[in-house]
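Please find the structures below.
Common to both upcoming complexes is chain A, partnered first by chain B, then by chain C.
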Partner chain A sequence: PGRDAPAQSRSNRTFSMLEYVLACLCRSRPHELVGVVGLEIHAQIQSNTKLFSGSKVGFSAPPNSLVSFFDASLPGTLPVLNRRCVEAAVMTALALNCTINKKSFFDRKHYFYADLPAGYQITQQRRAVAVDGQLAYSLLGGRKRNQIQSRTVRIKQIQLEQDSGKSLHDDQRSQTLIDLNRAGVGLMELVMEPDMSCGEQAAAAVRELQLVLQALGTCQGNMSEGQLRVDANVSVHRPGEELGVRTEVKNINSARFLSRAIDYEIQRQIEALGRGEAVLNETRTYDSKSGFMPEPNLPPLVVYEDRGSVPAGLLGAEGVVVLEGLREGLPELPSVKRARLVRSYGLLPEHSFTLVNEDGLMEYFEAVVKETRKEPRKLIGWVTNELLGHLKHHNLSVSKCPVSPSALAELLELQEAGHISSTVAKQVASLSPSVCDSVSLSVSVRALQEGNKKVLNRLMGLVQKETKGRADPVLVRSLLEEKTS
Partner chain B sequence: MPGNRWALRYCGNMLSLTIKEVSLALREGKISPLELCRKCLKRIKKTQHLNAYITVTEELALKQAEEAESRLLQGVYQGILDGIPFAVKDNFCTENIRTTCASRMLKDFLPPYNATVVQKLLDQGAVLVGKTNMDEFAMGSGSTDGVFGPVRNPWSYAAPYREQSGGAEDDSEWVITGGSSGGSGAAVTSLTSFLALGSDTGGSTRNPGALCGAVALKPTYGLLSRHGLIPLVNSMDVPGIVTRSTSDAAIVLEVLQGRDLKDSTTVQSPTSHAGFSEDFDVRNLCVGIPKEYHAPGLSQETLAQWSRLADLLEGAGARVREVSLPHTQHSIVCYHVLCCAEVASNMARFDGLEYGHRSTEDSSTDAMYAASRHEGFNAVVRGRILSGNFFLLQQNYERYFLKAQQVRRLIAEDFEHAFSAGVDVLLTPTTLSDAASYSHFIQADNRTRSTQEDVFTQPANLAGLPAVSVPTALSSRGLPIGLQLIGPAFQDGMLLSVAHWIEQRVGFPSISNYEVPNK
Partner chain C sequence: MLGIHQIYGRRRVQLNIILPLLCRYYYASRTDNMLSTNVKTLRKTRNTPSRPVTVARLYSSNKHNSKVPKVPTWEPLGEDRIPSLPQVSSDLVDKLERLALVDFRTKEGLVCLERAIRFADHLNMVDTTGVEPMDSVLEHGQLFLRGDTVTEGDCAEKLLPLSNTTVEEYFVAPPETFHFQGGRTESVHVKHSEF
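Moving on to the complex of A and B:
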């Protein structure tokens, strides 16, 4: 997870000319055409069972093995609302500063498609469970990309709805294969207002949303696995003038692709208008064709402010959702986490931004801090620049980092004590394969060459640790002495 | 009248007894569950010409009867319904038993589960003898439009009616059962089962109840679970109960009611309401006669029965007065719009993909859908789907669907005003007249007939209120006439109590009085 975040390291700063130009356009000149980007995000709710039925939610299960009678639309079956899904939507809404509608409704949205067994999707068209929220997100900008730029995007609404099944088209045999495992899984649809102007902003907003959802545990947020699906609505206009025709960019499965696809579309529209052509909306959604109808089998969804507002007969009943308790139980959100890191470790905002942005990096950093007496402020660069940079270069996540926090701590201790130079330390941190074999080896070799006997002993200790005590000490000592002579 | 029943009992005609009576007979050893079951199955065969059953579950019934018998012998008794043969309309899912809704679309459909109300009866030890015939997908008021053919009213073959037709031997003037739960009405009144489940969306249980001479209860919406009832209109459907007596209906209601977690529209009946009582004192009763229910087409004889009951109640000390339900005139159109819209939605799942009829047309998915649906549904169903789609179009939604919802609220409020102004029950006709002959009935199309026939019954569905039809007399044609009582929500017990009071005093004859010995 988390491989899609905007890169910080040099090696991955492969911004094309196009992206650079567009990035500049974000801080644009008034008479130029600029992009206007809104997002429609579908987040799969992390729950044991589906939104309206008791079948399990799982991934990579054999086809059609997680399908209840209701999911298969067998006649006579009825929806039963999953409380956990409601709580997930409400918690997400609270984290995004939304107004919770104490009463919201379910509707049927009709269209015929093979992966929609009932011929309609149960969604919230008339009144969603939450409206009018806000997501604060940041970008690293400036020429060195180390200045925090804070922005906000308005959340129009969050609604609960069913996911559809999956269809696979087998053109060779002229058939379509349907897997209903995903049919009926709970989704939160989040609509972000068109407050963004380029791909970078959209990607950053999505990234922040991912972090929020993951912190809440309401959605795992993995775009490549389809847990978070983003559709972008893109148009261009001159600031101050009315909005242009929107087109949709759909089926995006990574934040990086999202950013590029949006920028590409903005550029395409700008060029088209420049040639005097009109922007056409070709992917019209099904809205105008399909009918909506209230879902008659589900009563209105009622959420209570506090225990005091719950009617006497319902107190203690299973299906009751109370905001007060959920609000109190919200975990630490990313923004709070970043502020805490700045306070606790004396870091700069851009550092804590990076730490929180990369999955596992904060934990890594904190583990290194624990094992060394070096000041956190002096460690941070190693973690966010050197280590992270090389991880990106090798396309590795933090969880796959071959240098453990204690090894890095060790390394930096040595560097601090002057036993190795910064260059060597950086080399180690560069994770090149030969070094990975024995982390401290090249570090200590130099020290050894400088005649430091203490280092030989320490090196012995490290080798034994690396080999889990299985190496023959006599053999190791002779090897080391040979290598370092 | 009670004397009549006991005489028959000693004559060994167990099949004409009420549930209460036959249950007692079982416990007293006067008959065994297996014998009773065999009698019913035999009679089903004998009355095959009525076409009341789509599927007869002979093997299963005998097995269940055997189990009931062994329970009885061990003195382990499930309850009053233990060993009692019952029938279920073919739109209730029965596990591994064909459930067709009288449609080509589901003609081979085997549900993998039982509807909740069916399960409850089975858990009581009742014996399922078969699935009854109906109008396709419950759309109709005659039980004439299913793919398995029309249902015939048992009274067509009883002496009073046959004498009218001059004792002619030909069959051509048989009369309909009404619908859409005609098979259930026929099953109970042809004495092949002691109770039957129907469904009631606009009168589909009460209508055949009245025309076949049975007690037919439409419970308050939300009292009985719809899980497993293949829906027509989710916001109006209820499982209906067809029995031979009001006491029987009360027994079955008690067994079937209750909140079901699988159906989010069910509620637990408030305990504050009075239950069924066989000693209801009508001096405490205020009966409302809605003036708008003097509908065009109301037969003289039905009108006469209506007056008769009003006089009967007044004579015994009840207060009887006229009330107004001013929006009644709009209820048919309102019902029609909402019904079609929900039908269009509910039928969208029938695409031949996961279950049901799938056409051999395979040039594309869309073509396959269209062909399957065209082949699987009759014209009535297709017509309502098309209408419903029209009403749900974005440009029409407000003018039709939303408007109909608002009118629905007004109709429901009409009832609320009447009940809160001191009226306890409303007394109305159930149908315009006694049963029409089939040849006459089919001269007009389904839509026209439904519009005419549902006029007294569908407002109660719009308002979600309980209503019961009680047979009161035979018409001059020798066919049953039933009258309807409508009560406030959740007052089903009180409603049945009043119905019981009426039942005791009208002397409606059992069909077994006129049994044609050999057919």
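Moving on to the complex of A and C:
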């Protein structure tokens, strides 16, 4: 069961070569095999309770402590749908321009697995709550990675379904330990059409989806905690010809690994076909349409367009979902945020892309802008190149940045006024330990200036030694100062 | 009956048409048996009433209005009108065994399967043109939506004793249940320490 993950053992150099080759293939070369990637994404709904029961949704709780009788599928229990989960699915669908099915149905998908106590999963196979949407995403391309490429991927449908429990395999004692805390948690399954052709596009689409879900508050989108699970369906074909045999890449817990795993699989299939071998579909040995039946305990889910279309008896009851209210209440989506940044601060699209892409960077930037009279366009390079670059180098998130926005603003004001050179400013921004330990910025700036003076004096000494005291000290000093500022 | 659906596709029929049909078939066979048995033996059976039972609701002013017709309103189906049974192939038996997790490859098992299919074949004779399949008796009802507050859970001490084996608050499943199922491939393995 399951694909192994060999991609992690490859060296970085091999991968950048691979990515370059595949990037070339992504552009149209009609006789070459290109990859076709479709994603199935399971997003755990951010709610207090589970989809069909009133037990708590939580992470890292003692095993089987967040389990109700229904979750354990004890006889005599029935599902009761959580209104928050319906709203979350509908809001996500509205943000992705989907058509909402005013009436959708629940089904049972039967299969035997120990972490599925009922023997079936309640899902929406016949008629999902939303269909036909699209997700617009961007890639930073070009040689300097500063050109925005905009793409879209179609969303086939968004459906509500139950999550299963967790199983831990204890091979030594030949047993499997089951924890049902996650059993019954609400999931939104987003099925995307195969509109992508390589790992980079898939990773960018997933990143954009994460930002959308986080902005909406419908899913926290943390891949490493399993809140966002991505399965990729990968095949290769020649453009214009019919699609090849699909294989699935599953169990991906980071966007970067997603990109590599997909590219590895595309390459593997291309090589196999090149050797004359067929691509084997290992995971699907059953017709995936089998094992479905309508859920007899749940009537159709009805969502109303506006308060006017709600039947009289139900108005005022809290058990009603109305689209009008949800549409109006949608928060600012990432794409709107980026456009706003470009407009208000006169930034380039690639700058706003980076600001929104990094958690907390936009807020940091806006705080710096507030504290200084400098033009935002002149500040952006410091934030997106210098500061972010150093944060990444030290493996820090923006929230853990030791230089506060006001400190950075002060630093840049000093640099603008010519009190310090840009080298010194860059050194401060490089977050070296001496800076991080300083109590105040002016202290650290002075320390660096003094430090640099010491270096300058040492260099002077060396030059005089080399020239055996024959160099003009004033000239040497001015030359050295020029070089080190 | 999931296996039967696999063969014949899904035919869902309004229950109020099919139930009497099946009841008729069933009761027809039972009546034959009753006639051939000694009446005395019948009386000795505890659960069989010796005279017709009348249902009465003591404090109701309405007479009990049974929906079961007093006279048959349907026609019995001759065996020859049912289309002939296609051969049950070995591959099909394989697939059914895997789905049902039941071994029935014996001669009796296969005979039983054929008779079960024949029994279900009566469904094919019902005319369903213009009839929408029914999902459940609730399908015209309103789906009630619950508020998102925690009202249950935190009862591990009640749930864990229901299982034969538990290990440190986990339920235990034997590894044989982990053949390929449903395409799920998460595998988290327990690391053993010295403790």
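Methods note: the second predicted complex is superposed on the first by the 416 of 485 C-alpha atoms of A that agree within 3 Å, B and C clash if a C-alpha of one lies under 4 Å from a C-alpha of the other, contacts with A are read in each partner's own complex, and residues count from 1 in each chain.
Throughout what follows, a residue touches a chain if its C-beta (ideal position, glycine included) is under 8 Å from a C-beta of that chain, and two chains touch if they have at least 3 such contacts.
The shown structure was predicted, so the numbers you read here are calculated from the model rather than taken from an experiment.
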Chain B and chain C placed together on chain A: clash or fit? clash
- request: Scan A:235 for contacts with chain B and chain C and give back first, second, both or neither.
  value: neither
- Message: Between chain B and chain C, whom does A:114 touch in the aligned arrangement: first, second, both, or neither?
- Response: both
For A:166 in the superposed arrangement: first (chain B), second (chain C), both or neither?
second
Examine A:68 and indicate which partner it touches, taking first as chain B and second as chain C; both and neither are also allowed.
-> second
Field: Partner chain(s) touched by A:178 [first = chain B, second = chain C, both, neither]
entry: both
Would you sort A:301 into first (chain B), second (chain C), both or neither based on which partner it touches? second
Which holds for A:78: it touches chain B only (first), chain C only (second), both, or neither?
first
Output check: A:47 vs chain B and chain C. Expected answer is one of first, second, both, neither. What do you get? second
(message) So in the superposed three-chain picture, is A:157 touching just chain B, just chain C, both, or none of them (first/second/both/neither)?
(response) neither
In this superposition, the partner of chain A with more touched residues, chain B or chain C, is C
Running into chain C, out of the candidates 221-229, 401-409 or 509-517 in chain B, is stretch 401-409
Contacts of chain A common to chain B and chain C in the A-superposed view 69, 72, 74, 80-81, 110, 112, 114, 174, 176, 178, 288, 291, 296-299
So, in the complex, the side of chain A touching chain B is made of residues 69, 72-81, 108, 110, 112, 114, 117-120, 174, 176, 178, 287-288, 291-293, 296-299
Per the touch rule above, chain C residues touching chain A in the complex are 2, 6, 101, 135-136, 138-156, 159-160, 162, 167-175, 177-178, 180-190, 192
Chain B residues touching chain A in their complex are 92-93, 101, 106, 109, 111-113, 115, 226-231, 233-235, 261-265, 341-342, 344-345, 347-351, 353-355, 362, 365-366, 369, 389, 392-394, 397, 401
So, in the complex, the side of chain A touching chain C is made of residues 1-3, 47-49, 53-56, 62-72, 74, 80-86, 105, 109-114, 164, 166-172, 174-180, 248, 250-251, 283-285, 288, 290-291, 294-302, 314, 318-321
